[in-house]
Amino acid sequence: MNFASDTASPCHPKVLEHVAAANAGPAPSYGGDRWTAQAEADLSEMFETPLRASFVSSGTASNALALALLCPPTGGIVCHAAAHINCDERGAVEFFTHGAKLHPLDGAHGQISVPILQAYLQSVDESFVHAIPPKALSISNLSEAGTHYSPKQIATLSTLAKEFGLGVHMDGARLANALAFSKTRPADISWASGVDILSFGFGKTGAMAAETVLLFGDKMDLLPQLEARRKRAGHMLPKQRFVAAQIIAMLENQLWLETATHANDMAATLAEGLQNSGIAILHPVEGNEVFSALSPEQISKFRGGGATFYAWPDGSARFVTSWNTTKAEIDAVLALL
Amino acid sequence: MNFASDTASPCHPKVLEHVAAANAGPAPSYGGDRWTAQAEADLSEMFETPLRASFVSSGTASNALALALLCPPTGGIVCHAAAHINCDERGAVEFFTHGAKLHPLDGAHGQISVPILQAYLQSVDESFVHAIPPKALSISNLSEAGTHYSPKQIATLSTLAKEFGLGVHMDGARLANALAFSKTRPADISWASGVDILSFGFGKTGAMAAETVLLFGDKMDLLPQLEARRKRAGHMLPKQRFVAAQIIAMLENQLWLETATHANDMAATLAEGLQNSGIAILHPVEGNEVFSALSPEQISKFRGGGATFYAWPDGSARFVTSWNTTKAEIDAVLALL
Amino acid sequence: MNFASDTASPCHPKVLEHVAAANAGPAPSYGGDRWTAQAEADLSEMFETPLRASFVSSGTASNALALALLCPPTGGIVCHAAAHINCDERGAVEFFTHGAKLHPLDGAHGQISVPILQAYLQSVDESFVHAIPPKALSISNLSEAGTHYSPKQIATLSTLAKEFGLGVHMDGARLANALAFSKTRPADISWASGVDILSFGFGKTGAMAAETVLLFGDKMDLLPQLEARRKRAGHMLPKQRFVAAQIIAMLENQLWLETATHANDMAATLAEGLQNSGIAILHPVEGNEVFSALSPEQISKFRGGGATFYAWPDGSARFVTSWNTTKAEIDAVLALL
Amino acid sequence: MNFASDTASPCHPKVLEHVAAANAGPAPSYGGDRWTAQAEADLSEMFETPLRASFVSSGTASNALALALLCPPTGGIVCHAAAHINCDERGAVEFFTHGAKLHPLDGAHGQISVPILQAYLQSVDESFVHAIPPKALSISNLSEAGTHYSPKQIATLSTLAKEFGLGVHMDGARLANALAFSKTRPADISWASGVDILSFGFGKTGAMAAETVLLFGDKMDLLPQLEARRKRAGHMLPKQRFVAAQIIAMLENQLWLETATHANDMAATLAEGLQNSGIAILHPVEGNEVFSALSPEQISKFRGGGATFYAWPDGSARFVTSWNTTKAEIDAVLALL
């Protein structure tokens, strides 16, 4: 009964199948292979727009590379205070940007508050050389509280950001779950709502290690700089075909949507069960995460029964469901109460 | 007929088998899994010493992380002028060390000349704050010219380096080939000869993406710093079991030695064939690389016949053999002449 | 009627006298001169302890160099949210530390709250590699709200910090004012209360450009690293004698204390006058800064009358007095009401 | 008898006079003062072109800031192997650029060889992401061998550099000496010959601590970035008027030219005297430096007689003359032979 993390799950069998299929004959190193080209084409089709894609093996790398393209060392990056880039990546953004400063903002349920963002941006005096001006906005979708941003929310945030000259990044480590929940087209939740660079991950929905940096619109021109930084960071893998093959697998017949939908369903089922047992759910369940208010006794019961999950910094117990979570597991964990 | 690079080869079937075997049930993320523990134990057994191992997905990352542990931003790193870290990693070492300076030295056949190293180290005045003092020596084994360093050579270099207070790093992207050629024990070519930190790679001998940073002796104490830097660089993979499984596969029954020996044999066969055709071999063939002096006509013949290989900066044509190079391929390429 | 900043004041005539006196004959470059040696000796005498001193020409450089010695790129630095290093140095600390992260804490009147610091430090899990562990505490004395820390307060903060393994830095850009107010010995407010590295500035009390980094106790061993970083940052001046001469001037007969005491007296007089006019003073006046609650009309009157001062981020109007502020200026500004 | 360095000399009395004159009344901090504006205007007049000027207190800072504007972290900087930025600034360029790589080239008498530069630039394959492409050329004038580049030489180098997309920087720590020797107009040796950013120093010709970064042509647009980086590096001095006043002093009635001409004359006289004594001069004396081939006995005689000078890395004894070197000193040192 793993509810600790979706990354504690194995990878989807189809991912391994595609990896095995790519394991035939020689192929050019460092992304010159045909799988890489296909994966980029598939992503372009998924997002219904031309794009440039780079592949890395962790979400941390994807976020940090993307933000290094949008923010100079002397600038700042606005994000939610609980954002993964702010709390859980050991300063990767500071490393890749050479010391840009994160400017964390508050907001309910892990989402950046529009009035707070607006007030902050209006308070900035770009001509005051002593302070750090914001140059990028990073939106996590799903947020760290498991909530999703709608296209309209994203458009509001990105319009505001761009009014003040900021580039817009999305941390889409769980974007598949957000898309599955909101039933929106990938285009609408990304470039069509003002996202310039998207860190779109497959590790949490079924891949072994396959994350992407996607450049949209005029940001496609940044590809050479991205490639230089990716190489320099050791994220340009010699045998890149095996990363590309995972992406191809996840995109084929929308496997990402199938696995994310299943994980979301399991989370909804779990949340319903917990609520039926009188347990409060602290954030709207809009993806594959359930943040619940458990008593110490309840925590003991769950853990004693073999369920793994994390105590979260906001005081809740976080349960994460995955592509391979079963209804039986949900029943079993609820039966522990 | 791929002689472009060993990384253009597929991965060994046993690697995929182990990856597939690891793809069962949940496992703790970020290296808390049992495969990671086993891979470290297997490496310790291979090197006949306690060690600390971190896993990354590229040799560039492994080299840069290792050197960041040995050299502060204000220090220098001595290496051969042709070293991969100096020529082919887009400044990764400069990035991870925050601006340390490579100090390239010459030497025949890709190997650092002992007298040149000695003269350089003796010329350094540590008290002269304006110049950059060397703090680490990086030895590539195999070298960029395909030659191997013997344990005695390594001991000579590392003794000299340590006399002047430098830490010793080995770039072992092709260490398996060096070991296969010299028939030495891994211990003798590494820590027992003074190597402090080893970047030992499996990508060129059969893995998909599995490279290691190995800390020996008192450098084991640097593990927390290594882990912090690895996380911060985006090289701590959530589903690390799949990297560990590759390493386990490569160590099981010394698969690395089997694949490296085969590649070396193929290189020797190719070199012999080329020489028999009157083609000069420019560096001793001590691993899986053959650097040959081809005429434009010969290059055309080879390429026209479907052989891939690189024109090397030293003016030669570099042929790299791999674990899956066949005798038939060697015959076929030689038949093109 | 300059109340904008103490750095808008000229330098003290005795500073120029010493500079002119040092302008005779050749002297070794880069700090090998006798003025540098004397300035370090004078500082040692002032602080009644052995110390190592490095000289730079801005407080920003002094703070950033000091913190780079205490905190690695992967660590964090705890400071007050309003600290100069957090708000007014354009990310200098992030630059010099290569991306360490400031962790701002709240507290009344610009001072770090002990319970908040304690709660934060207790919440840190050093073994959680994903988050940034704090490695240094930076205390501003005077604080950004013009308040001073007593030796007891500093000892409480630094004892707590050291319990958790943090080094302790003090930003003493206005330390002279704090010393003048509290009538404490320099030793008691620095190393004897647990400060490891002190950024002690003379620019605000009468120098042209003379700031110091002072290493106490076992931190004296960090001098070579400090010098390397200082050189690398372009802060090791060729003709350093002219910086040293300013420091000698400021220490001779405790000129720093005389100028700081005068500035403090002027601030107290101004605060009293403002209060007598019914204007609220928002922070205790414990140095040379007065933070007042002015109405728009009062602001207009002051500015219209030729007084310069800053609207401060906390909503107040900040008046800074200086070594050359006169009682007549205070009377004149008060007469504007 | 100081021939160790021109920075071992005192500053010119007129510099102190201007500093003292600027020490009256309040003035806006951080460059908002009238002296700063005047110094920039005077520099613009000197170079007969619009320009943007930033002031710092060391040549190291000036060079490193300038190059950080021209070269990204992933790029390279071409310079002479003996360049100050390569050998004597403790990696300042690497620090300020966040790890760009210096690419040192050879050439006689400290000057970059045009054929060597051309061959190198032609060998670069910008599409090869693994290697570092050059993005800036840095020319030292005077060179480290004391030789000057003529406008024609500079134009040849910069035209070549620009053909390959490189920006052009000049390290003009001793530009005054070069101008005095060549009797060229400042414009002709800088922007009119293709220099984009000039590090023009006054410390070696008479100032206390006053160096500039001058942006020409379209590089003027980089001022905001320069100011942000300057602040972040701690090089934006609060009381900047005192730096500006030094520059005003040095420009008034071309004091820089008077002092440089005198220093050059003394060097020529010294060189002539040495040659008359049968001592070989190793590089053309085109400024205020004389590189001579001394025997151990001659070195002993000089040093025993009280002359200070440095043994230079090229094996020579370097004598540097200064604005305050006297003919009597030259006679005295020659008399020691």
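Lettered A, B, C and D in written order, each chain numbered from 1.
What we mean here is this: a residue touches a chain if its C-beta (ideal position, glycine included) is under 8 Å from a C-beta of that chain, and two chains touch if they have at least 3 such contacts.
Because the structure is predicted, anything quoted here is derived from the model rather than measured.
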Between A-C and B-C, which chain pair is linked by the larger number of C-beta contacts?
A-C
What chain lies farthest away from chain B once each centre is taken as the mean of the Cα atoms?
C
Taking each chain's mean CA coordinate, chain A and chain B are separated, in whole Å, by 33
Length of the line joining the C-alpha centres of chain A and chain C, rounded to whole Å
42
At what distance in angstrom does the C-alpha mean of chain C lie from that of chain B?
49
Shared interface positions of chain B, touching two or more other chains:
30, 73-74, 89-91, 95, 98, 129-130, 228, 231-232, 236
Can you name the residues of chain D that touch chain A in the complex?
30, 72-74, 98, 129-130, 224-225, 227-229, 231-232, 236
Residues of chain A touching chain C in the complex:
73-74, 87-91, 94-95, 97-102, 129-132
Spell out the residues on chain C that touch chain D in their complex, using ranges where they run on.
2, 4-5, 7-11, 13, 16, 19-20, 22-30, 56-62, 64-65, 89-92, 95, 203, 208-209, 228, 231-239, 242-243, 308
